[in-house]
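To keep things clear, I will list the structure first and then write my remarks on it.
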Amino acid sequence: MKDIVSVDHLRVEFATDSGPVVGVEDVSFTIAPGETVCVVGESGSGKSVTSLSLMRLVEFGGGTIAAGALRFRRTDGTELDVAAASPAVMGEVRGNEIGMIFQEPMTALNPVFTIERQLTDGLMLHKNLSQAQASARALELLRSVRIPEPERRLKQYPHELSGGMRQRVVIAMAMACEPKLLIADEPTTALDVTIQAEILALINRLKRENGMAVLFITHDMAVVAQMADRVVVMYRGKIVETGTVEHIFTAPKEDYTKALLAAVPKLGEMKGKPAPERMRLIGDEAARAARIVPVARKKEVLLDVRHLTTRFPVKGGILRRTTAQVHAVEDVSFTLNVGETLALVGESGCGKSSCGRSILRLVQPTSGEVWIGGRDIGALNHHDLRRARADMQMVFQDPFASLNPYRRLKDQVAEPIVNFGLASGAALKERVEELFDRVHLPRAFMNRFPHELSGGQRQRVAIARALAVNPKLIVADEAVSALDVSVQAQVLNLMMELQEDLGLSYLFISHDMAVVERIAHQVGVMYLGRIVEIGPRAAIFESPAHSYTRQLLSAVPIADPSKRRFADDLAFKPIKSPIFPLGHQPAPSVYTEVAPGHFVLKD
Amino acid sequence: MKRREFLLNSTAVMGGSILMGTFAGPALAQETPVSGGTLIWGHSETTQNLDMHQTGTASSGRVLQNIHSSIVTVDKDLNVIPGLAESFEVAPDGLTYTFKLRPNVKFHNGATMTSADVKYSFERCKDPATGAVNFEVFNNVAAIETPDDLTVVIKMSAVNAPFLSRLAENGAGVVMPVDSGPTQGTNPMGAGPFKFVSYEVGTVVKMARFDDYWEGPAYLDAVEAREITEPTTRLTGLRTGELHMINDIPLDRVGELEADATLQVKKWFPLNFDFINMNHTYEPFQNSKVRIAFDMIIDKEALMQGALWGQGATTASPSFPTSASYNKDLVQRKQDIEGAKALLAEAGYPEGSLNIVFKATTNYPYHIETAQILVEWFKMAGVNLTIEQLTWADWLSQCWVDKDYQMTMMNFFTLWEPDFLYYSVWNSEGAFNYRAVKDPKIDELTKQARITVDDVARADIYKQVQQQIFDEAHDVLLWFRNGTIGAQTKVMGLDTVVHPNGSNLNFHKVWLSA
Amino acid sequence: MTYVLNRLLSVILTLFLITLVTFAVTNILPGDVAMMIMGTQSNPEALEGLRQSLGLNDPLIMQYGNWVGGLLTGDWGTSLIFKKPIAELLAQKAVASAIIVVMSMTIALTLAVPLGVWAAVHRDRWQDTVSSSTSLLGVSLPDFFWGIVMILVFARWLGWFPSSGIVEPSEDFLGSLRYAFLPSLALGLGLMAHLTRMTRSTMTGILGQEFIRVARAKGLTERTVVWRYALANAIGPVITIAGLQIGYLFGSIIVMESLFGYTGMGWLTYQALLNRDLPLIQATVFVIAAVVMITNLLVDLLYVLIDPRVKLG
Amino acid sequence: MKRFKTTKGLIGIVLLTLIALIAIVGPMVIPPDAATKMDMLARRSPPTWTHLLGTDQLGRDMLYRVILGARTSLEIAVSAVVMSVVLGLPLGLVSGYFGGWVDNVLMRLVDTLLAFPALLLALSISAVLGPNVQNTIIAIGVAFTPYLARIIRGEALKVAQMPYVEAARASGTTDGMIMMRHVLPNIMPAVIVQATISLAFAILAEAGLSFLGLGTQPPAASWGLMIQASRDQLDVAPWTALVPGAAVALTVLGLNMFGDVLRDILDPKSK
């Protein structure tokens, strides 16, 4: 056997109340030395269970390997069946011959130990190094993952590092003993797009330099396209299709693979198209989805934001006085037309969410005006503001947290209607039923509780709730980010359908450039609280003028294996801190109009 | 602070307590006393203020008894006998008392006692600013003269018959060295058999033998009074040998210790008497039939067995059992539930119409037991009795001071001086008449007794008072309760330890065998 | 530093409120110390005289002013029943209580942490049931029950420890620990239950975290993962809970100190309350409240040392 | 894993049902004076055929007393805990939801109550209001309130930051409505679990109060009073403590097991 790993008819079961439940079943694949195998699938596909089984970590989550073999060729050339290995042997293998990196860099490091301690304990255990030797090696590792100021980092605690640096540390930890196999379980999912690009590039380089095999677990077809040599597509605990990356992307055999690929927006595919377009969906929705959204009617401004500024106080001192301020939103101005979508894009901390919340006055803006339908929201008193909220609603990111787990769905959808006294009794019921129809949810769901629904269904409920009072504006804050790709496409299509039918305006807050390219009429790019570039979608994507916009676009992975971008080390400009001392007076935002309606911030 | 006993008042001096203890084997008893050793005493209560004048608690008095000597004291037959005074004399008009002091009596500070010390002590006690609990003993004292070092003459403004016997009592008659007042509270000093060594609040009082004691030095080198208020803990200390002796064996455990050959138990009688009180301002209790009926509901002997575990003797009279005024003819009413019901009906309180609250203090756990037993009998008689448990502070403030109760019970150290006992407790003007008893006959008799000189006639008057209290059932007299000490068998001379007043312990003649 | 000052300020504010509440409540209590001193010898004139000499007849505002003024100037007054300066009494008794508070907390933590970790590692299995049942049994019977059991077992039957009493640590340090051991053990058992539960739930949460999986993926032994990686994170919350328990502990020592004749702050408070010794009540309540709040402050500061994420802002 | 939890919950429910049944039916079926009837010839009798669980210092049957005591104890414990919830819930809810100075003021108040010794509180209530069952409930209820308020505040603080609360605010829901409809139901499980734990402490708190004269007044029986009465006789009659102690232990055990299950029942996810 030449393969470093050969998984043979793996079956993992989880003990539950009602007997064992199968996690994965009949999973077989191999990994050759130096090869990157991507296991791709949506949530619940069993991709993580598979990777955890290889480390025998699945047991700590209550699972057992019920059948099959997991053959791993050890450094000394012997073959080990991981499924049957003793805990002592697994202790030698883990971290030494197989390294693993996980999804959440924020929680993957022990918060109370220094970076040095966490890097060295594995080395001292597996390689019998002294403390000094291990420390030296740790420093070397930090250098190899290109962490700035590695000496200082060693003495630091995880919370003192940014997310990207933490993930580099996690990678350094996994690489410490120079394993033959690296398992990467969604290593970039929680990261911003530029950081993701850097990490992907880093993994590629390390793999190349060490001749290491990589098992890469992801849900993101774009990442697969960028990373994989071979691809394993999983669905509901089983393998759907296996093949080389080119094969999978160009000639998928199975319908599931085809549907999955279809639902993924590809950056750049909208080139030359005048208006947003529905997502492609395979199946019965395909026909409807294929329809092109017509160009918006007569331009009429709904939302006019002028010099919006929001700062959060940083408290400190004996009297809890404000000692500094987070400049979350800094002199932001834009307009949004009736029936159109303005997308605010940017990386975490750029102020896009605060901007949305400030517009709805869920947080109190420091200054600026927000006009909706000829009314200045900022000037309303408490009572009028509550009334005005009928015009502007919000859809939140996390469909699990934005619905109250203790209330029936019909009550939650009805709540805004009841709040504004718009309907009651039979009329209310009728209205709620109508809303459920509107978002394509069966009426039978009305009496259910949130947990009985899938993420996509919940997000539909959240949209129904937002629609309940016939708002003119909906602020969608990362509304589809937490959803699986096919569900995301469905929800996006629903939103576009509603826009078309009801003339809604969306302020679409997102970090996903490919999605934005597909659905937005206007795009604003935010950086450090300001809009650095704003204009029609085509202008932003096809002729980006601001350096940050360009950087952002260059970092987006493209779901096309022929367009690989992350071969070498990338180092983007890190984002600066938005915290300024009290009394700091930032310069006003001044823009240059590079093309009609296309404005770029003057630096 | 459970079970703290309070002396009723100065005439609480009692005649010879009757020792009932089983003595250690005769061979041991006849051993010659030897000197030396420290006695570890598990004291049942917390010592508070150490100033003999200011302290009202029996707990402090019990300890301070060993540090102070009194100008006069009482013998086992309750006669006032000389103490620090070699002799004393009362003028025929009763207005002048002359004390001849013993020469060469030493205080713990080495000074020799003189009449100046006596004058100082008495005046200190008399001065309201001192806050002495017995200050009214000296109410009629007009002047204290010291013609020479060993003579004290006290002039009275009016006759005060009990004056001498009250001087024999705890606080009033003790003699302290001149100017020692300000330090008495923290460093008590007198002319007693033991010197004060140290006091750790709530933990231990240490005393050492005073070699120059006027009655000759004590046998023990030292006494350590460790304060252990929890009964189980105190018993454990005795059983493990950590303690040589303990006072106040829990009533229910006396039998158990008596059965233990490695320990000795000393009991004496009476420690105090208990009676059940009915508030005479409460309407039903203004009717003597109700009070008598209530008396008839109670089986005193059964109650004594139940609440005291037999550690006492029932009595219909509160007089000291061996005293001349004790009315031996009185017999407690037998339990007669049906009779009581009939009497109650006759008084206008048929079955089920009386709802009485009985306030009992948690300070005396056996009062709570008593009350619980009463509830059952009263239920049989158609009277609904409910118990309210009060802390000692609440009992004092509600029952004693505010007279805000219907029924309660209390104990008093048996009073040897009948005037003080009957006048204070049953005369309508009496200071301790917290039941508001108002009986013209008793008022008359107690007044008459005060001017009756003949002892026999006087005793007879008090017997009539007892008869009247019984006939009218002003209170229900229950029993005399035993005092107890448990000790290791090597503690000798315990028959001398109990002061005639039944409460104080004097270690002068106590010794430890090897 | 500003954080500490800030917290101190709130402690001072709360203490001020406590002086008010304590003063109000103690003055509502019927009866007074004069009555307690005189007992059943009291008659109205005698009581009045004693009250006068004890200064109980001053106007309330003046009494409160004098008290708070005294607190600030260090003149804490004199106990009315013990006739000793309160500051002197407190100094002596506080040391005694400090010993059993520290000792019982140490005992509780030594027992509770391993038991809680053990339960968390074997969550929902028999070990978990054993651990929770043991700790529940501890709270099903009151403190004094365990106290008496300790006396009977360790003093009477085994004779290993003295049944009661107290020794000054300055006289005999080891001896003072011997006397403090039984009451501390009884108190510790009572505290243990809650701490075990907290350790278990904290550890359960931590064991489910990603960095634990990462540690396992590094090949670290399960012992290292649980006892170093996980426990290092659990100790902060557990210490915080332990700190909050100090308040509860000061309630329990009242019973336990009286039971063991171990006369510390709890016993002193109890005596003060029973005897209506107002200056002593006020002083003990104030000191205990201050100790409880300052302990909690110290625990929060300790947390900063344990957990590098927490900063004093 | 899950099955284990169900069994545990089942035991808890069976235990509690049994205890509740005893508390309710007990007083109806046993003779009215059985728990106070004294047998002076059988004082502190160890368990025998006539007295299955032995007798106390007054010769009263421990079995009857423990059965009759169940009702009193549970009544006191439940009422006191309900009272502390009724007082602590609005306090904690408002404090946690609004935060800021409201929170600061209320929590200072709670701190003050927490630092104030329960003993002094109990003595005052007993002295001023009188010793009886109602006032015992007040004493325990008031003493528990600050603890509950603190826990509820913590929970409310967490819930108030949830997106569904923000969503409700965005859809024009008033603060009062948000607290009632969104915060309250979501903190209820934590409140109920805390309340079940408090029940155990309340039963024992009564024992402590009996020592001060507060609590059930004799000769009525309650577990707390019985435990307290055993204090001076533990070495000679251990059953006087163990019998009521076992009753408390079983109740506490039942409550805890039930508490876990209750959390699941309250969770709509289990419906």
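Should a chain be cited, it is by its letter among A, B, C and D, assigned in written order, with residues numbered from 1 in that chain.
Here, contacts are C-beta pairs under 8 Å (C-beta built on N, C-alpha and C of every residue); 3 or more make two chains touch, one makes a residue touch a chain.
This is a predicted model, so every value here is computed, not measured.
Trainee: When A-D is set beside B-C, which has more C-beta pairs in contact?
Mentor: Pair with the higher count of C-beta contacts: B-C.
Trainee: Once you find the CA centre of chain A and the CA centre of chain C, what distance in Å lies between them?
Mentor: So the centroids are 49 Å from each other.
Trainee: So the centre of each chain is just the mean of its C-alpha atoms; given that, what is the distance between chain A and chain B in Å?
Mentor: 87
Trainee: Using CA atom averages as chain centres, what separation in Å is found between chain B and chain C?
Mentor: 39
Trainee: Pull out every residue in chain A that's touching 2 or more other chains.
Mentor: none
Trainee: Counting only residues that touch at least two other chains, what does the list for chain B look like?
Mentor: Where chain B meets two or more other chains at a single residue, that happens at 232, 236, 391, 393-394, 397.
Trainee: Residue numbers in chain D touching 2 or more other chains?
Mentor: Residue numbers touching two or more other chains: 1, 123, 127, 211, 231, 234-235.
Trainee: Between which chains does touch occur?
Mentor: Applying the touch rule to all chain pairs gives A-C, A-D, B-C, B-D, C-D.
Trainee: Which chain B residues qualify as touching chain D in the complex?
Mentor: 231-232, 235-236, 250, 252-253, 256, 302, 305-306, 361-362, 365, 368-369, 371-373, 375-376, 379, 386-391, 393-394, 397
Trainee: Going by the contact rule set out above, which residues of chain C touch chain B in the complex?
Mentor: Per the stated touch rule, the residues are 29-31, 35-43, 45-47, 49-50, 52-54, 81-84, 89, 92-93, 148, 151-152, 155-156, 159, 162-166, 168, 258-261, 263, 267-268, 271, 274-276.
Trainee: Under the stated contact criterion, what part of chain D meets chain C in this complex?
Mentor: It is residues 1, 4-5, 8, 108-109, 111-112, 114-121, 123-124, 127-128, 200-201, 204, 207-208, 211, 227-228, 230-231, 234-235, 241, 245, 248-249, 252-253, 256 of chain D that touch chain C.
Trainee: For chain A, which residues are in contact with chain C within the complex?
Mentor: Its residues touching chain C are 55, 57, 60, 87, 90-96, 99-100, 102-104, 107-113, 121-122, 125-126, 157, 159, 170, 173-174, 315-320.
Trainee: In the complex formed with chain A, which residues of chain C make contact?
Mentor: 2, 5-6, 9, 209-211, 213-222, 224, 229, 232-233, 236, 306-309, 313
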